[in-house]
Amino acid sequence: MTPLLWSLFLVPLVGVAVLTGVPVILMVERRGSAWLQRRTGPNRVGPFGLLQPMADAIKMVFKEENQPARASKFLFIFAPVLAILPPIVGFSMIPIAQPFTINGESFAVQIVKSDLSFLFLLAITSLHVFAVLIAGWASNNKFSLMGALRAGSQMISYEVAIGLCLVSLVVSYGTLNLSEIVTLQGAGSRLAFWGFFMQPLVFLIMWVSVFAECNRLPFDLPEGETELVAGYHTEYSGLKFGLFFLGEYAAMYLASALMATVFLGGYNIPFVSPDQLVSFVEGLGLYGDQATWVASALSAVSFAAKVFFFMFVFVWVRWTLPRFRYDQLVGLGWKVLLPLATINLIGTMIFSFLQKGAY
Amino acid sequence: MISLPVGELEFHVFVSIALFAIGAYGFLCKRSGLIALMCLELMLNGVNLFLMTFSKHHSSPDGASLFLFIVLVAAAEAAIALSIFVILSRRFGSVVLDDYRRLKG
Amino acid sequence: MDPINTAMLIFWPAIFAFLLFTFRKNKKAAQWANMVFHLPWFWFLYQSCLLWRSSTADGMFPIVFNSDFFPLLKSNFALGLDGLNLPLIGLNVFLSFCLSLYALGKEKLSSSYLALFALLNAASVGSLMAADAFVFYIFWEAMLIPMFFLIGIWGSKNRVYAALKFFAFTMLGSLAMLAAILYLWVQPDIQSMGWHSIAQLGLLGDGLWSPRFWVFCGFLIAFLVKIPAWPLHVWLPDAHTEAPTGASVILAGVLLKLGVYGIARWCLALFPSIAVLDVVSFTMKVLALAGIILGSYGALRQTDIKRTIAYSSVAHLGFMLLGLFSFQLAGFQGAMFQNIAHGLSTGALFLIFGIIYDRTHTRELSDYGGLGIVNPRLSMLFVLSVMASIGLPGLPGFIGEFLILNGTFVLSPWFAFFACFGILLGAVYMLRIVRGMIYGETSSVLKSHPIKLSFSEWGSIIPMIIAMIVLGFWGQGLIAVTARASATIIYNLQGEILR
Amino acid sequence: MSEGIVVMGQVNLFQVVVGILALAAAIGVVHSKSAVSSALSLMATLFLTAFLYFAKGAYFAGVVQVLIYAGAIAVLFVFIVMLLDLKPSRVAIPGQKGVALLAFAATAMFVVVVALLAVPGLFEPGLQESNLTALSAKAISYNFVSTYMLPFQATGFLILAAIVGVIMLAKSVRSPSNESRGEP
Amino acid sequence: MIFEGLRWILLAPLLGAVLNGVILQNKSAKISGLVATLASLVAFGFSVVACSQLSGLNSAPEQNFLIDPLFTWMSSGHVYVPFNLELTSITSVMLLVITGIGSLIHIYSISYLSEEESPWRFFSYLNLFLAAMLVLVLASNLAVVFLGWEGVGLCSYLLIGYWYKKPENTAAGMKAFITNRVGDIGFLIALFVAFSFFQTGDISRLAERVNDYAFLSSGVPTWAWYTFAGSLLWAATAKSAQIPLYIWLPDAMAGPTPVSALIHAATMVTSGIFLICRVWPLFAMSPVIVDAAFWIGMSTAWLAALIAVSQTDVKKVLAYSTVSQLGFMFVALGAGSPAAAFFHVITHACFKALLFLAAGSVIHGMHHKQEMSLMGGLKDKMKITHVCFLIGTLAIIGFPLTAGFFSKDMILAKVFAAQGVFGYILLLGAALLTAAYMFRAYTLCFWGGARSEYAQKAHESDPLMYMPLVVLAFLSLFIGWLELPEVFGHFTKITDWVHSSWYGVGVGEQAHLSHLAEWLLMLITSVLSLTVAYYSFKIYQRNPEFKILPEPLHKWSTNKFYVDEAFELLLIKPSMKAGRFINRISDETTFNGLANGSFRFTRLSGRLLALFHTGSVQTYAWHFVFWSSLIVGAIFLWTL
């Protein structure tokens, strides 16, 4: 088992994990929103309605798809593909679990171990804008174009905010490599090194702008059903609509994964450093490689829990907050988040200079 | 990976020159201002590639830093140029450069 | 008698130029003030004369006033006073006084006109006295601007063209001078841009086509344009015809003389070894002769009276150029004397004609006739000044020309012989003017515009005429003034000839 | 720069394919009929050049390329193209075919000559130690702070100026609408 | 010997001129005339005192002259010109002639100009002329002589152009001035030679130069002597109206008659000869020039006489006779005897002034009509004028014992001695012609019937006019006695005066003639001239239109041998046209064109360059690419 082979094996594993996660969250969302509104969600299909997402998926696949006239055919098909691509590719950067060792050789549970992973993540998310724009344009109707343009400008402006947050995080952690960031957060048993505690303001800004990035509710003007019917993907139906839908939820997963790794200490179980975890597992009777395997599995579970927590927040916020108006939305992005992020950045720089001294 | 007889350096130099040439050709001949701007970006990319190739060849970070400068400047320039084009197209009704002759003054 | 007086000679007109600006509103007061301001100026002149006479420094160009002006350019604000520039300054002050009398009561001449005039005076006196290359250049250029405006604003019909041409020509000429000055400034072993240090500057190399020759040419071109020597004279007729009376009197009286003074001071005295080269002196004499002959033929051809007088001054200045390059004390002093004589006679001619022009507003000779009947006294003065300008003995013109021709005869008899034809032609075209204007039946123009001179106008002409008559006989006084300075210059020049 | 053997080996297939694709996309930019398609092909070229950088090992450059070029500038272009909703751009200036080829040749010659001239010792061998580190983010950032400090600050100001400029231009764009509502 | 009186001779007329011209300017001829005449009489008085002072002084030849140093006019380098007056024997005679005849003419012109509207102008010019003439005569330095010389030219210009209403008068005045100016160039050249080669302008020192051997051997180039003498001769021909430059004298008759009398007969025209007499020692140094003078004089005498014969205007006849008589004087100079020339100057001044004044009173009587064809039979209407005119005519033709007889015979004798028989015969012919035209004029004017109503109504002029006539008639009769030929005894006042004025520099006179030769010459000349006179008297009484000369010659002579037109055609018109053409070419087209051209060029090039700004961005880009690649290519090729 060479590291290359392991990462090759890891790629389908992560892909499947994300894709299966989507129906789960779909179910959570439908049942959750219902529970929030004191109504019972779909419970007819399968036991307690658990198969409802499966039903939707099947419906999605077999629905009849139509092609708006005179729209450029290639772009119409290419848009949904471009929508699904960036979130999935983004996951390759995220360290899912604690590295484990096989006959002494340690394997990191991360597909791409590059020390620019955080920046790369941001780069990939920025491509998501394209999908939206192309979709809006290719469907050749005014409303979808308007929706696409709105989504585009919204995502660009919030991307800027995320960028600045990234910079301040990098300044405080000193590295762009996500796995290093996670190990840093997990170093001591104390939670002090968690991003949440080190950069609370950045957490807040990041959290808000992530909502905007994924066009989730307070910011989901582009799909605003009331004005623009379904925004940029009104003309889509069937599988292409499904792909868009899938892309959106995958983006949410990526965002929550990013938030988890950077702010909540990634795969570290709170108050437990990775070595303590391994020693705890050895205490249970497993030794050598198997101990690391079990420890990494446990860390993966903690990581999943954190991601799930953020996903729930997404859903929770969707059914509570009303939609922003367009100028409020863009204004918030440029006039509130951006200045805050800059000030924070300057603060962190000064703080890190005082603490660490010049390079 | 499968490697071809052509040296990496020559290939990259060729690609960058080709990119630059295509950009220049487009800039010189295209009537629409936006396309011209895009071709401008192409030219800049050609230069960037060129720089990176030699930065790697001489393994000195200068090339890369220059690359970064160019990218920064290109970004600023594109922003300004595009907003100008928006105004021009609003004013002249079209993006075709030739319609702006009256700006000659 | 301290040197500040000499500096005041320059600054006083500048000051009262600004004071005149305060008289914006009422024209009458401005004109009277202008006249009164001349009196202290005369006093300063008197003081400078005393200073000059008392100064026994036998050097070439005794520095009278010296203050640190612009160390960067290695130049300091040095003013010199000697036999060459004192008479010219005196002439400048005298002419300006007469013109201030003339300006009394003139409707057209506003306070800004008088202020510009004062500035022009300041600049011309400044460049006369400047003993430092840069100071000289600055004043030299400063003269252009007021003159440009005087011609440009108060001139007659196509004044803008004339002003532009005047400005372009003189400016181009002075660029050559600037190049020369800068070349000198760049020289390694030059201590200061003062006149003396340039004189002593050794290493520039001698002979034809040497750097010293080029510097000499640089200076020479600027002055040739100003004189104006023959090929470069094309601006003078236009400038004179279009300039208002005051401006053309001062232009003829002082500005042209500056060219002659410039050559004497900054070409002959500074670079005698070049001036003496037979190529240089021959070409200059040829130019002078061309100026005389073609100037006179030009005058013959004109129907416009002022243009004839302008061409006549081209001829007279041709004489002066001949005198300068005769390398004889007689010729040199003759040229310096003719400076003053020509200033007076042409000044008087322009002034009288200006007075007539103010009333008849036409310059065509055919419109005139029978002035003798209309105003006998004025026509008598006009005939007198014409005779002075032809060089009739008993009037200053003759003394100047006589000395010049005597000087030229010594070294180049043929030039002197042909120059005499200039005198003959001079008589021809001047008498043509007199016959056209004074004699014959009274023309319709003169009948319809009665020429009645006001007191101030008589006041402006009479001193000039008296000065001419006095200078005609008492010329020796003026010659003695220029004696010492020109003797030293000629001594150097002849020293160079022998070598 | 110590002497060393040539580090850059043969070009591998991946680079060739991506290179060719990039060129094709570039030609697409120039010869596409509608502005949007040329904008998209621009995005494609930029993205592919980013891959070229990855292939060369200059990861930071690649990421920056993707983030700024593909992510921001291309988006801007597409955004503007869509915003202005242009009619399909006409073919290149008729009759300029010959001139175009000439221009193409001239530019190529120009660039080759500049390359040959401007970069003396073009084909000299590069440094010995692995040049991956040379292109890494750390090396570049060190370089920025040390030798290129002045240009670094200058670019900072430049971008600030660009921002202000764009805001001002954008404001004027909106101003007509203000006037329509009577505000200044 | 210093004598302060000389300056007053000069100042009196000057004061008169200023008084009349500038201050008084009153209209009546009486007052202004009185002032002028007073001034000239005072001058005459002072000159008489000065002459007596001089004659009393009988010191050594070098010192026997009076000096009155005034001030230095100009002195710079080798040119030193002191303005001081000097009275030598020759100048004293000239002084008396000028002031004497001048005063007579002033008196005469008081009445002549009685009905003029601005007589003050005339009198001030007349006084100015007198002053200038005195300067010319009294000056000790050649440059000061030149001052007088030009001053006289100016006054003749002013006086000729006195009646300036008619354009031809002013034209004549201008012509006179310009021709004089041509002569002045000669004078100037002489001055330059004097100052640069002889280092002095003073006449006395110049004369000394002739015999101080140190100077002669110090290498003064021979051409210096020749140019000096030649240019002096040139100046004299202009002033004394000889062949090439005499054209201005006949036209000068446009002025009032007293002017012609004073200026164009007595004083100004003779100043040329007077000058040569004063510097004779230098002049004689170049024999070629002396011969030239002889031939110029001879040809002028003949030409003028031929023209005078056919003139109808009485003043023109007299003018040409003056030119002819001046020719005689030049012949005398040419023959090497300045004394004879000077003597003829004196006598000619008297009888020519008499003739002019008489003609003036005739014209006055005839209400300003000068045509002889209108006159006739005036002898009984204007008795005194007739008598005086007759005496004048007799004097001029050399009637024995009159002034003309003595001076003309002296010239003929000198010519015979110097040039031999051929010269004598030529001159005799001219003398005979003189006799012919003078008597023609006399008979046409006074004899025969009155040919017009003016002639009937002619009346004798008032005493103020005929009194000077009488005095002059008396003078022209007895002035001749000053110089008697050898035959009548040794009374040679004039030759002594002339020789003594050369500051002791003796110049050998021609050989003396034997008594017999002198008698013979006198006999021949007087007999022949009297017969010619008688015949012309007789012919013209009967037939006023009789033509002496054969037909072709007559037509030529009436048109003055077309000399004026020739001058106009050959000299004035081409030089004017060439001058205008050169000026137009050099000034207008080339240099002016050049200046304006350069202005236009800049504007043109500006507009040309603007064409490059097409406004299309791409063309700019295209240019940029093209040129930069070109340059880079060039550099690349260059560095290869």
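Read from first to last, the chains carry the letters A, B, C, D and E; within each, the first residue is number 1.
Here is the rule we use: a residue touches a chain if its C-beta (ideal position, glycine included) is under 8 Å from a C-beta of that chain, and two chains touch if they have at least 3 such contacts.
The model shown is predicted, which means the values in this text are computed figures rather than measured ones.
Contact with chain B and chain C alike is made by E. Comparing each chain's Cα centroid with the centroid of every protein Cα atom identifies chain C as the most central.
Across every pairing of chains, the maximum count of C-beta contacts belongs to B-D. Of all the chains, the one whose CA centre sits at the greatest distance from that of chain A is E. Averaging Cα coordinates per chain places chain C and chain D 70 Å apart. Here the CA centre of chain B is 5 Å from the CA centre of chain D. Centres computed as Cα averages put chain B at a distance of 98 Å from chain E. Note on chain placement: the centre of chain D and the centre of chain E lie 102 Å apart, centres being C-alpha means.
Shared interface positions of chain E, defined as residues touching 2 or more other chains, are 622, 625.
Shared contact sites, meaning residues of chain A that touch two or more other chains, are absent. Looking at chain B, one finds that residues 24, 28-29 touch two or more other chains. Per the touch definition, chain C reaches chain E in the complex via residues 164-165, 168-169, 231-235, 294, 296-298, 300-301, 328-331, 333-334, 370, 372, 376, 380, 387, 392-394, 398-399, 402-403, 405-407, 409-410, 413, 416-417, 420-421, 423-425, 427-428, 431-432, 435, 438-441, 473-476, 479, 483, 490. For chain E in complex with chain B, the touching residues are 613-618, 621-622, 625. Of all residues in chain A, only 72, 75, 114-116, 119-120, 122-124, 126-127, 129-130, 133-134, 136-137, 145, 148-149, 152-153, 156, 159, 176 touch chain D in the complex they form. The part of chain B that touches chain E in the complex is made up of residues 24, 27-29, 36, 97-98, 100-104.
Here chain E touches chain C in the complex through residues 21, 25, 71-79, 83, 118, 121, 143, 146-147, 149-151, 154, 157, 161, 164-165, 167, 170-171, 174, 177-178, 181-182, 184-185, 188-189, 191-193, 195-196, 576, 579-580, 582-584, 586-587, 591-592, 594-595, 599, going by the rule given at the top.
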